[in-house]
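Shared chain: chain A. Partners: chain B in the first complex, chain C in the second.
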Partner chain A sequence: MSKKVAKGEYIETDTGNKVSRRSQIIGTTNIILGGKTVIQAEVIIRGDLLRTLSSSTGDKSSGNPVAVAIGRYCFFSRGCELRPPGKLYRGSFSHYPLKIADHVFVGPSSIIEAALIGSHVSIGSNCVIGKFAIIKDYVRILDGTVVPPNMVIPSFSVVGGRPGRVVGEVAEGEVDGFDLREVYRGVGNS
Partner chain B sequence: MSSKRQSMMPPPPKPPTSLSSTITIAEHASLIGTHLIAIGSNTVVHPRSKLNSTYASITIGNNCIISERSQIGLQGEPEGEERDGILIENGVVVEVGAVVEARHIGEGCVVEVNARIGKGAVLGKHCKIGPLCEIADGEVVPNFTVVFGNGMRRVDRSGIEDLKLKMVRRQVEILRKLIPSKPDKFQ
Partner chain C sequence: MSFTPYTYFQCPCTESNLPTRRLGENASTEEEESDQDDRTFDPRAPRANYSLYPLEYLLYCEDCHQIRCPRCVLDEIVTWYCPNCLFEVPSSTVKSEGNRCTRSCFQCPICIAPLSVSSTEAPPEGLGAEHATQNGPYVLNCAYCAWSSKEIGIQFDKPNGIFAQLSKIQNGGKPIVTPRERRKDREERTRDTSGSTMNEDGVVEDLPGIMNLDPHELLDAESQFSNLKAFYQSQLADSSPASALGFTGEYGYGSPGALSRIMGLYTGGSFAEKKAKSKKGAMREAQDALEGLQITSPASEEKAVNRLLSEGWESTASAVQKKEQSYNTHFVSDLRPIAHLLRTKRSKRCRTCRHILSKPESKVQTTRFRIRLVALNYIPSISIKPLQPATLGRETFLTPMKPTQFLLTFKNPLFDNVKVNIATPASTPGRFSSKVTILCPQFEVGANTDAWEEALREGGGKGTEREKKRTKAEASEGQNQAEAGKIWERGRNWVSVVVEVLPASLKIEGPEFMRSEELKKDDGPLREDEDVVEIPVFVRVEWEADVAHDDTAGLTATSRDKEAKEKRELAYWCVLGVGKIIQD
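Let's look at the complex of A and B:
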């Protein structure tokens, strides 16, 4: 039997993450992937934009500082970008960690600079999520939406437009549609 | 990886560059083309940004921030005045994915995510072009204009331009510590 393993598109890690070989992930030691997450080609994740606030206490935090923390069963489509947001706070500029919960789907070519994304969120293609936006659970963001900086999107809303406004609510029946386990299983190494 | 296939095309031309000694340019930034690319002091060029001087030269001022996936440079044959090249003044922030083909971008402008600035356009000082907004070819945008939404504009009379420039300078200081710079690759 031939022992040659075909080089697939994805590298699969121990925890089941499928990372494309053509993704551009910078600062990998500062990125936490929950498990069973799919990262497609040409995705950029900026793990090098760390928090640079001077710590007032003497004790050092154990391990690496986290720039991007991603939950389980997330799906990052081709060409999207995750970037920790930064702002000027009390005279000094610093980046803040980007936290993404489970079952988050990000459409192709979307750019995420949010502070916090809740679970079961579906973001369309070509979206722009502004700095420090907070997206709660079970939100659907339509294609081409521009979510302005600092916006807080309540749970179960449908957001669209430029600037993004809440245009509807997620119905009871649609709630199961956010689950990404089937999508994860569908990603193969072809 | 010995099984990595090499590209058959010749590598893109390395442009003549005039890089200031204090710039921060990431290793994976892409500078291609044949005309001169001049970058002023304290500027930060993020990885995966594309500076293309195939059709015209590019001049970038001091304290600028060029983010990932942004494309600076004419994408097609210039006609008329565009041959002079692209001039970006000091303190300009070009965000992720923006496409800048403008002839002149004034001091302190902010070009937001995925905006497109057409050929030969002239942006005044301290303008802000919102995300996904487009400026047509040859358009002249007056100073302090904010372009947002679906082509709406307003003029910013708040008078805080100096504070905004200061903010950009702070941001540049922090980015210089975070992004390892490799200017030798581009010299």
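Let's look at the complex of A and C:
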């Protein structure tokens, strides 16, 4: 019984991640995908920008150092870029891990350099999230927003503009709309 | 510009107000015609904008069985917190310190981006660099526009508690005497003069703590205000008559006159009255800067003008920047970092029955809700899409005079079946009225049960009955026929029906018979959003709900009989924005 494996757009892993063949993922050993995450074509994930602290901190890293950690049911649209942020700290420049929680939707051509993104966040298209920004849960970022570096966006905010400012609040009824399970099911492997 | 179809719901709270008459018009016949008692809803009326909301914004009150919109709910504050440091601020601190963050959270005065604290020392190099702590003078930096507090000449000694340090330094580095210090100084002075301390030599000496304030000092707005206020309060207290009638307007405990009046209330009026017939003391105005007097000199205006002439346009602050500042500033170098305004978590309450509709957790980090009664869980949601999958580029544009069909999908969130009746006026209100026909105005939508629950229920002997029902239903429905009286498709808890729209032509000039009544009266050019087809739809939802009798259910054996089904109905207007008409 021979199975004909069709060459689809996405590579599907055991944990349900759908990664496009045309995406550029560098440093795959330093990237953690939670499961049921969709990565579309032309997405760049920089897993090579690692923390370069000296080994004086101790040998507590059992496995590979993590550069990018992504949660479940995330969706990265075409052309977006995930970059761990870096800064000059006490004389040396090093990168810090980029942590993304569950149900995060990133629109096309957006650049993410945040430090932490909470769950149920929807980022629009052509956005720039500055270095070390912290985005909490249930946040909607409108299209074309530039979030300045070091900004903290509290939960249930709607952020827009350049520089990004909180322009509104997410209504109680919109909370269920951030769920990306249906979106994941809608991704076919043609 | 693409157009996404939308559905807005009207909250019934607006119906108790005046009718939505458009100004400057006699009652048109449209308003009289209706199947229901209410007038037809006109989405283009100026008032309509304030009553329409997307379904996500609406809450539902279970006691009143009514929709509640953001305008008809009462807000109560649960917690105050800083949006930058996410630190909870107790409400007592908010009352005393104000509604801004008093830690180190500031916004750049130029671009309103967040500021970070950094040391001005050179970064350590060489061995052990990462362990070296920096304790040079600290400045505030903006990472977005590269502004630094050095540009206004302010530096800090400690990296924490910037708010307190900032309130003591002016732009340029000179210390400010804060209003609090002035008040303390004033109190010390009055204490000194009332019970003067004399040392052995009989000379009144200055108590330590009293500052030598210049009587001609140039005060900033806050200090001037606090000085003036204290001065006037002391004047009022001295000069108000000690009359028992208390008609000075001073009802507080401030003046001695009021105090004696209040004491006099209980000890008998006549005695106090005779004593209190003193002359009204004269009140004077402030004499120097200590009391809050500021004399404007013509030279101060000249200074500003000269500065403007020398430094030019770029040195002035823009209107947006000035708005955020608490003081009147003209120049960019006068701008100060802005403390973040505190944000709140609010709970919402129904206006009529005071039932809580939405209550978040009081902890800032938790995003859950204790109570969350949203309309999405009670009324069927409506979504629109064109029946024929449109070609790219021409998606949401409607051609005039070409009948287009749309699919309305009603999704039922309740656990009971609902009967839905929809109605719409034959032509949409407005200058360019499109004709609308609903093919199936009455239908039933299934309950929002899981697939498991349905399977379990079917196994209970009712299987054959349900199957018969299903096959009969399948014969006529679900066949995707766009015929009157038949639905398009049915799912477990959703139904889709077809609506046919004949878009109007957007021609303002044209043969008389083609133009509507309103167009004849008002033939100005096409206004904004007039080419959007908005269909007002009246939706009536009926269902049978179990009357909640949880406490008695377990006690009696005949609990099944007590399962009285209460018939409930809900009716509201909604507006469907289906598409834009192309100009021909």
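Definition applied: the second predicted complex is superposed on the first by the 184 of 190 C-alpha atoms of A that agree within 3 Å, B and C clash if a C-alpha of one lies under 4 Å from a C-alpha of the other, contacts with A are read in each partner's own complex, and residues count from 1 in each chain.
Throughout what follows, a residue touches a chain if its C-beta (ideal position, glycine included) is under 8 Å from a C-beta of that chain, and two chains touch if they have at least 3 such contacts.
Keep in mind that this is a model prediction, so the values were computed, not measured.
When both complexes are superposed on chain A, chain B and chain C end up sitting side by side without clashing. After overlaying the two complexes on the shared chain, residue contacts for A:Asp102 are found with neither chain B nor chain C. Of the two partner chains, chain B is the only one touched by A:Gly86; chain C is not. By the touch criterion defined above, A:Asp176 lies against chain C but remains apart from chain B after alignment on the C-alpha atoms of chain A. In the superposition on chain A, A:Asp48 contacts chain B only, with no contact to chain C.
When both complexes are overlaid on chain A, the residue A:Gly144 reaches chain B alone and has no touch with chain C.
Within the superposed three-chain model, A:Gly130 lies in touch with chain B and with chain C [touch as defined at top].
By the touch criterion defined above, A:Pro163 reaches both chain B and chain C. Applying the stated contact rule after C-alpha superposition, one finds that A:Ile26 touches chain B and leaves chain C untouched.
Taking every C-alpha atom of chain B against every C-alpha atom of chain C, the smallest gap after superposition is 7 Å. Within chain A, the residues touched by chain B in the first complex and by chain C in the second are 88, 91-92, 130, 163.
Those residues of chain A lying in contact with chain B across their complex are 7, 24, 26, 44, 46, 48-50, 52, 81, 83, 86, 88, 91-95, 111, 113, 126, 128, 130, 144, 146, 162-163. Note for the complex: chain C touches chain A at residues 55-59, 70, 81, 83-86, 111-114, 116, 123-125, 129-132, 142-144, 343, 348, 358, 364, 367, 369, 372, 374-376.
By the touch criterion stated above, chain B contacts chain A in their complex at residues 3, 28, 47-48, 68-69, 96-97, 112-114, 130-132, 148-150, 167, 170-171, 173-174, 177-179.
Chain contact summary for the complex, chain A toward chain C: residues 53-54, 56, 88-92, 130-131, 136-138, 148-157, 163, 165-166, 171-177.
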